[in-house]
Every structure is written in C-alpha cells, then in structure tokens.
Amino acid sequence: MHSIDVRSELAYRVDAPSSFHFSVMADRTARQTVRHESVRVVPELPHETIDAGPGGHRLLRLKAPPGEFRLAYAATVEVDPRVDDPARLSQVPFGELPSEVLGYLNPSRYCESDRLFGFVGRQFAGSPGGYGRVKAISDWVGKNLAYVAGTTDVSSGSADVLLQRAGVCRDFAHVAISLCRASGVPARYVSGYGVGVEPQDFHGFFEAFLDGDWYLFDPTGMAPATGLVRIGTGRDAADTPFASFVGSAALLRKQVSVDGSRGPAAPPTGATSTA
Amino acid sequence: MHSIDVRSELAYRVDAPSSFHFSVMADRTARQTVRHESVRVVPELPHETIDAGPGGHRLLRLKAPPGEFRLAYAATVEVDPRVDDPARLSQVPFGELPSEVLGYLNPSRYCESDRLFGFVGRQFAGSPGGYGRVKAISDWVGKNLAYVAGTTDVSSGSADVLLQRAGVCRDFAHVAISLCRASGVPARYVSGYGVGVEPQDFHGFFEAFLDGDWYLFDPTGMAPATGLVRIGTGRDAADTPFASFVGSAALLRKQVSVDGSRGPAAPPTGATSTA
Amino acid sequence: MHSIDVRSELAYRVDAPSSFHFSVMADRTARQTVRHESVRVVPELPHETIDAGPGGHRLLRLKAPPGEFRLAYAATVEVDPRVDDPARLSQVPFGELPSEVLGYLNPSRYCESDRLFGFVGRQFAGSPGGYGRVKAISDWVGKNLAYVAGTTDVSSGSADVLLQRAGVCRDFAHVAISLCRASGVPARYVSGYGVGVEPQDFHGFFEAFLDGDWYLFDPTGMAPATGLVRIGTGRDAADTPFASFVGSAALLRKQVSVDGSRGPAAPPTGATSTA
Amino acid sequence: MHSIDVRSELAYRVDAPSSFHFSVMADRTARQTVRHESVRVVPELPHETIDAGPGGHRLLRLKAPPGEFRLAYAATVEVDPRVDDPARLSQVPFGELPSEVLGYLNPSRYCESDRLFGFVGRQFAGSPGGYGRVKAISDWVGKNLAYVAGTTDVSSGSADVLLQRAGVCRDFAHVAISLCRASGVPARYVSGYGVGVEPQDFHGFFEAFLDGDWYLFDPTGMAPATGLVRIGTGRDAADTPFASFVGSAALLRKQVSVDGSRGPAAPPTGATSTA
C-alpha cells in the first residue's frame, strides 16, 4: 500500500464563454483508492463529474464565462499494486486475447504501429515475447530517446519521435506503445501523476497486456511503477488530455506536485499492475 | 423495414498455423435484425463467435492449419432505420456530449482531424453546424474525391487522401470523419455491406452523432442509407478490418454479393439511423 | 527602373567557435543591379563572399569566436524588370523545356508536388495552362491561406500547409511552387526583400518558367513584383536560408527594412521578370 | 581500368502523343569513358540527346505517337576510378566546402535529413567523421535494411524507409544520403548500372564529398564501387528517373544487363571516385 498526495492547479483566461473538460482527477480502480479528494474552482463555477468511456476515468466538466478562473485539485490516493513475478508473464496469443483488449493492438493517431513492424523485427529480433519483450522495449526507449521539452508538439506521432530520438513523457510512452503493438502485445496510454517526475508535471506512461492483466511501465524511468497514480486510460494521448475546451481561452498557469514520501522506502521489485 | 441478403466468401492459403479474426457477420442492433445466418468453413475448422469491444460487433475466430480453407457467410438482415427530419438534427454542444461519445471527437490513425482544422475552417466556413454541416461534408467528399482503386494503401490517412483527391470507400469515409470531428461533430467508421456498391465488395461508410443519435452517411453515394448493413463500428478502418490474422497466410479469393431487391422501391428521404 | 534601399541586421551570441553562411546580399542579375552595398561585422571578423551554385547568389562566410557579433548589410538596388504581356506567356511543353530548367519540375523537400497531382487536377480543372494557370494558383494561395506566424515550422512542407491553410511567406511560396510543378510548370523559390512586407522581414516568393523566361509572383500579395529584391534562388527554402551555421550559436536579433519610395508611383501592370 | 558492357531495353505502349525523357545513357566524366554506344528506337522515331543541368548527365528526348515503341541502349564503358586511401579522407569543415557542393547538404524530397539529426546523433555517436562516418552509415544501412521489392513506392522517403527497415536500392541510397547530410557530409544520388545487381535492373547508389572529391558507395553491397557505371547524378532519385513522360503511356517491358567480366579479377580496395 502506497499513499501518494497529488495536487494540480490550472488557471485560465477565458475570452468568450467556453466549455471545459478536465482530466485531472485520480481514477478509481480495484487497486487505486482515492481517500480524500477536493476540487475547487475559483471563482465558484458550477461543475460536474462524469465517467468517460470504457477507460472509465472521470472528467470534470464546467462552463466558464469570460474572465479568469482556476481549478485546484488535491487528493490522497492509495495504490495497492499487484506485484507479479515477471517470469510468469507470457504473451497472450492473438487468438486468445479477450475481445475488449483487441482494440489496443490497433494503430492509433500517435501510435502508428503499422509503420513500425520492420523496425521492431530488426531492432528486437533477439528479444523474447511477453514481459521480456515489453521490458526490452521500455528500456530501449528510455536509453535511446533524449528527454527534451520543445522537440515535439501536439502533432508528433511515434514515428516522428523515433526518428528525432527526443521528446517528453508522452512521446516516450507513444513510442513504447507502438513497438509493443507491432510486437503483438496490446498496449495503452495512461495519463497520471508520478512520484519523482522532474520537472514535475502531468505524467504519461503506459501499460501492456500480459497473461490476462495490464502491467505498468514508465519508459522515462522517472517514476517507479508503484509511484504512478492513474488519471485516465486511452489509445494514446489523444484520449486523455489534462484539459480540452471549446470556446476561446488561454492557459495562464499549470502547477503539479506529487508527494509519495509516505510510501515504503523501497518499492517492491516485479511487474506491477493497478488496472 | 428493408430485407437485405448478404453473402461473402473468403478463401485463404495457410502456410503455417494461423489465428484469424473475421469481421464479416452482420451486427445486431436495435434497428438491425439478423433473420437467417449461416457460417460455413470448408474444410470444417472449429470456430467461435465473440463480441468485440464497445462497438459490440461480432468477430469470428478460428485457427487454421497449413493448407487451404474458405469461409462462407450468408445472412438475411432486416434493417428498420429510424428516419428523421434533418432540420431537427442540431449539433450537440461539446459540453453536453455523452461521455461514451467523446472518444469519437479525437483524432485516430486514419482520421487525423487535428491536422484539418484549417481546412475545415476555410472550406466549410459558410456551412451551418449539425446535420447541414455533416451533409455538406459528405457531399463535398463525394464530389471532390475520385473513386479509384489502387491509389491508396493501408497506410493512407485522410490527410493523404485529401491531397491526392482519390481513394476507395474507406478513404471517402476517413476524410468525411476527419472533417466532421474537426467541425466538432463526433463521427465514427462503419464497415458493412451496401446495396448497389460497384464493384461489389465489403463497404465502408460512417455515422455522425447529432441530436442524441448516430446518423448514417455514405459519402461515395453508392448505397442509400437504408441499403447499408452494419458489420462493425470503430474509430476508423483500423478497428474493423474484414479479416486479420497472425501466422502466415495469403488471401486467395474474396467475393461479396448484396441483394436488396426485396426492399421498398424508393427509400424514405431523411436522416437515417440504425445505431 | 526602380531603386530600392534594403537593410538587414543580424546579431548572434556564439557559445563555441562557429562557421556561418549568410544569404542576405542582393543578387546580381541582368535586371537587378546593386548600386551601393556595405557589409559590416561588429566586432570586425574576417569574412568572404562566395558565389553559390547554379542559382548564382552570393553567400557571406565567416567564422566567429565565442562572444557576440552582429552583421549589418545595406544596399541600394536597382531593379529593371522586363514587363511582358501575360497573354503571350504560354506554357512550354515538357518536350521543349531547356535542360537547366528541368530540375525545377521535380519535387523537393518542401514542395512535394508528386503528392498534389490529384489536388491540382480537381481544384484547377477549369483553369488554362501557362500564365493563366500560374496566376490562378498564386491568387488561390493568397486567398485560401491565412498569413499567421507560428503555425508552421522548419519541417512544414506544402502538403502540411495546404491542409492547415495557414503559414507565412515561405509556406505560401512552397504551396504555389508545388501546385505549379504538379501543373507541369517549372517553378522555384526566391528569397529576398519586399517593399511593403508587413511585418517587415526577409521575404520569400517564387518564379515560374513561362515562354522561355522566369516570371515573379508573390502569393502573399504583400509586395508588387516590381518591389521584390532577389537574394537567392533555389528548389525551395531549404536552399536559401538567410543564415546557416555549424557550431553553437543563438540568434539574438533580426531587423529588416526596405524602402522603395523612390520607385515609380504605380508599378507597371503585367508579367514581371528579373531573372 | 574496367570495361563494362551495359544494355537496357524499354518498351512502351503509347495511348496518346507523349513526350519522353530517358535517363539511360552512361555519363561521360573524367574517369568514365563511353567507348561504344548505340541507341535504337523501333520503330524509328526522331530523338535527340541533351545535357541536363549541373549534374551534366545526358537525357534522350523523343516524341512518340500512339502505338508501341521500344528503346534499346547498349554501351561499352571504361571506368578508371581513382582509388584513394580511406584514412586520408577527412570531412571538409562546413566553412570550407566549395559553393557548388553546398546544395548537397540540404534536405531534398526523398532525403529529409533535417528530420534525422536525432537519429544520427544517437546511432552514430561513437563513429568518427569523414570516410569512417560515411562507411559506417553505408554499412549500417546494408545491414539493417532488408532488400524487398514492393515495400516502398514513389512516395517513400528516407524517414519512411528507416522505420519500415526495408526497400530497394534507391531507398538504401536515400537513407544513406540523409544520414550523411545530417552528419554534415554532402551526399548525392547516382543512378546507373551495377555489375552483379540481383535481380538485374537500373541501379541506384550514392556518393559523398570527402577531402575535395566525390566518393562512391553502394549500401546494398551488391556491386563493388569499381563495378558501377554512372548514368546521372542528383539530389535524390527525383532528379534521375530512368524515364519520365507527359502524355499517356504504359511501360510494357524493362530489361537491363550488365557484364563486367572483362574487368580485373579483384577490384582494388580503397575509396573510389569516378566523379
């Protein structure tokens, strides 16, 4: 059991009435419990929380009039990951994948896995399937991509990133997801908070489907799998932006803090699932 | 009520044991009823039918040993579309979209709507929102794209197609979906069978979310909306290929026939929903 | 005869010894004469001027030690364009193009004309060849692209720009060049200075090969063809950046001014060539 | 001195009067001499030979009426490459490159070197500059790309090929050229004939500018540098197609044969230049 305190604050200037969806609230899963949680909108604006799609994460919805507002979210989240022996986590054959998992084998906007079969075949020819393959991919991404803000933008997909060999957390995750899917392993994007992320911000990582469950990986290597708090899950980052809106507005400030100091001194070693 | 007979036959040569997923069976929805249905695999191979993901379509799964086999599917399908007055179908504001629909606003592998905001803003500046916008998009696609086999391949997305102004049914649908999403209208891909498709083959079209329901459009103009039989629904064609497999195999033959002659002489005019 | 005064100033911070190539000097052609010209580098650094490639423009080369320096260029340039009757400017058939012009029919990094045959065929189906076609293209670009800084970057090609329908002068020129080449008209990029460019900066435009000569067009519509001073000519902007360097340096300041007030009150109407 | 016999035959069906440019004739350079040469067009059609652009290769031009024709070219070519000690071939610093070479540092249609700086920096971090870097690149391409016809088409650039890790000779050359340019080494495409190419066809390779001269490399490893006959030279394959035409025609047959059996038993080892 790990208790992690997360906080995020977003401030906007609104120029015309705008509708916002925020994806900043910690998800509730069998292995992630939200103990205390507060949402503050200043000035007070009516808002609601809705469950979004099969990923099941929560969206905070509000309509904002012209002017400024800020949204402050804070939560204490307990993550109780199941930690498994990696050696057991074999790859589920294509013909035995559960139907609800199949979509995560398909290419998506930022994870064009169909373009990377050749790359995977060449680069990971010697690596096994299952957990070994996913670990090899995640490690390769962490080692071969430089973490550099500003080298990618909202149109950068995994193919672009793989060539320029640089990006931020979302790009690291996108490349790893593409390489997993091209290896026959269903993989999906997880947005969240991470202990130890530097500079601290909303984080992006991924999980892969192995032996009947979803296992977490952070290819940036910044957060231990047990220090990851899930906000939302999707095909790729297109499904889980921290905010989206229609109208006219500008982000003035974004601050994120994550405190996992009450967690265990050393996270357990092994494959970690919080799905 | 329209009764449509559909048949499809696929033959494969299998070089090494392979797992197949076929997406050829007519879907079952509130407004599409499968009256008679037969699946034949020759030689007989054990197979099963599973429900796939939120789209809910049925996948036919089988494992094939080396050799040849063919899959023959036939069904009589009754489609009982709800036909509505287009004038009523207004665009649902972003802040009021049901959560299960939100994902269909996001860009996907073949529908990179995020790259087309400028195009939409310029090309459809004068067109209204809601049904009028979707109809304008579908008509524009039908008029400005040439239907030419061989101009696109499995890597062609809507941006490519929009530049080369040519493609096949799946490309027409992808462009229309992208333009809808960039217009703020959720849109998704539908694979199926279509009365009057020439040359007859598996068909691809799309539906847009308007006023609380999904409405069908065929931008190729080949099939009336009431002559469309749904197989599956997805973000784009990546989610609904008629067949996918892992192993080593080659498609030897594909035949599709669709007979809607028992339908009404003139399909009703209006916006059509079979979701 | 038009006399135009141009000035440009660039300031750099150099962090490690760096080699620079500057493309800021007005070109010398049969119809463009450089009357007075000064180059100042502060602090004084040895520099040389070289003629670059078939385009023939002049490069200013220097090596800079760590520290800061600025380069100030000023010139009085007389342009004496040949002005021809557009009606005479027919398209040169493929089989009669001079060999030195053929390369300007080929696709290049930012002008992927091979991807735009379909677009050209559909969009300009009704327009004639020759000057009429090029004028229609240049006007269409000016009308259908928004001039917005920051929407494109150094990786944006004409296909991207054509979809997002926005860019700056170089993007306008790239789209027009691609559409000309896809129409069978050789076209090339010209970097330079332009009277009336707003905000004033280095400018990019293009010329098309018609009836045996190169004719100037500015699809942004900001400068009259007689108010354009040529710096360099190339396949696209990749060939004529105002500066390139190897080493480690950062641009601190860039200022451009262009004064054409001593020119004639009204530029002559017609097709303009200064090649 | 190596004597190489080359033959090529192309047959076309012409549906409407068409203008052709053929790039099949062996180039004439200081180190490549065309001893005997014949061009036959059946039925006889007037044709001319023109020198094309700075690359200087020869284009064969003809106009064909509807019907069929074939072009048969045969030549005996003596290549007398200068063979140099690779150890001497250092990289020419950016600030000392001759002006006519600078364009070959720029990205081009199929060699988007600007997108590969990150890849080069990571993949070749340990390799030296100069000949060592170019050799490392050429070898890496030969080892990491699969030679598979049909995996690429006329729109495939080096970035696509680098991801799918497969292509044909032109793709191998494009990737190598891009990686050289991104390493600061000018590189250009050479079309030609190659002894030992399998299956025999027109060939594509590249040359890099080192220590004041252009040195040949064939990343496919199929032909020794001394078994390469140059047809044309360009930025990339866009500049040197074996045939291009305007009109309406279809290629019916293409046959190439190359016989280098009269050459020396063992080609000399070393860096080879025929520029």
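To keep things simple, chains are lettered A, B, C and D as they appear, and every chain counts its residues starting from 1.
What we mean here is this: contacts are C-beta pairs under 8 Å (C-beta built on N, C-alpha and C of every residue); 3 or more make two chains touch, one makes a residue touch a chain.
For clarity, every value in this text was computed on a predicted model and none was experimentally measured.
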Any chain that touches subunit D and subunit C: none
Least step count from subunit B to subunit D, where 1 means the two chains touch: 2
Same or different contact residues where subunit C meets its copy subunit B, judged by the half mark: same
Inter-chain centre distance, subunit A versus subunit B - centres from mean C-alpha coordinates, in Å: 30
Centroid spacing, where centroids are CA-atom means, of subunit A and subunit D in whole angstrom: 46
Multi-partner residues of subunit D (at least 2 other chains): 115
Which pairs of chains touch, using the document's own definition: A-B, A-D, B-C, C-D
In the complex with subunit B, residue positions of subunit C that touch it: 115-119, 121-122, 144, 146, 151, 159-160, 162-166
Subunit B - residues contacting subunit A, complex: 19-21, 50-54, 59, 61, 63, 93-95, 99-100, 102-103, 106-109, 112, 114-115, 154-155, 184, 234-235, 238-239, 245-246
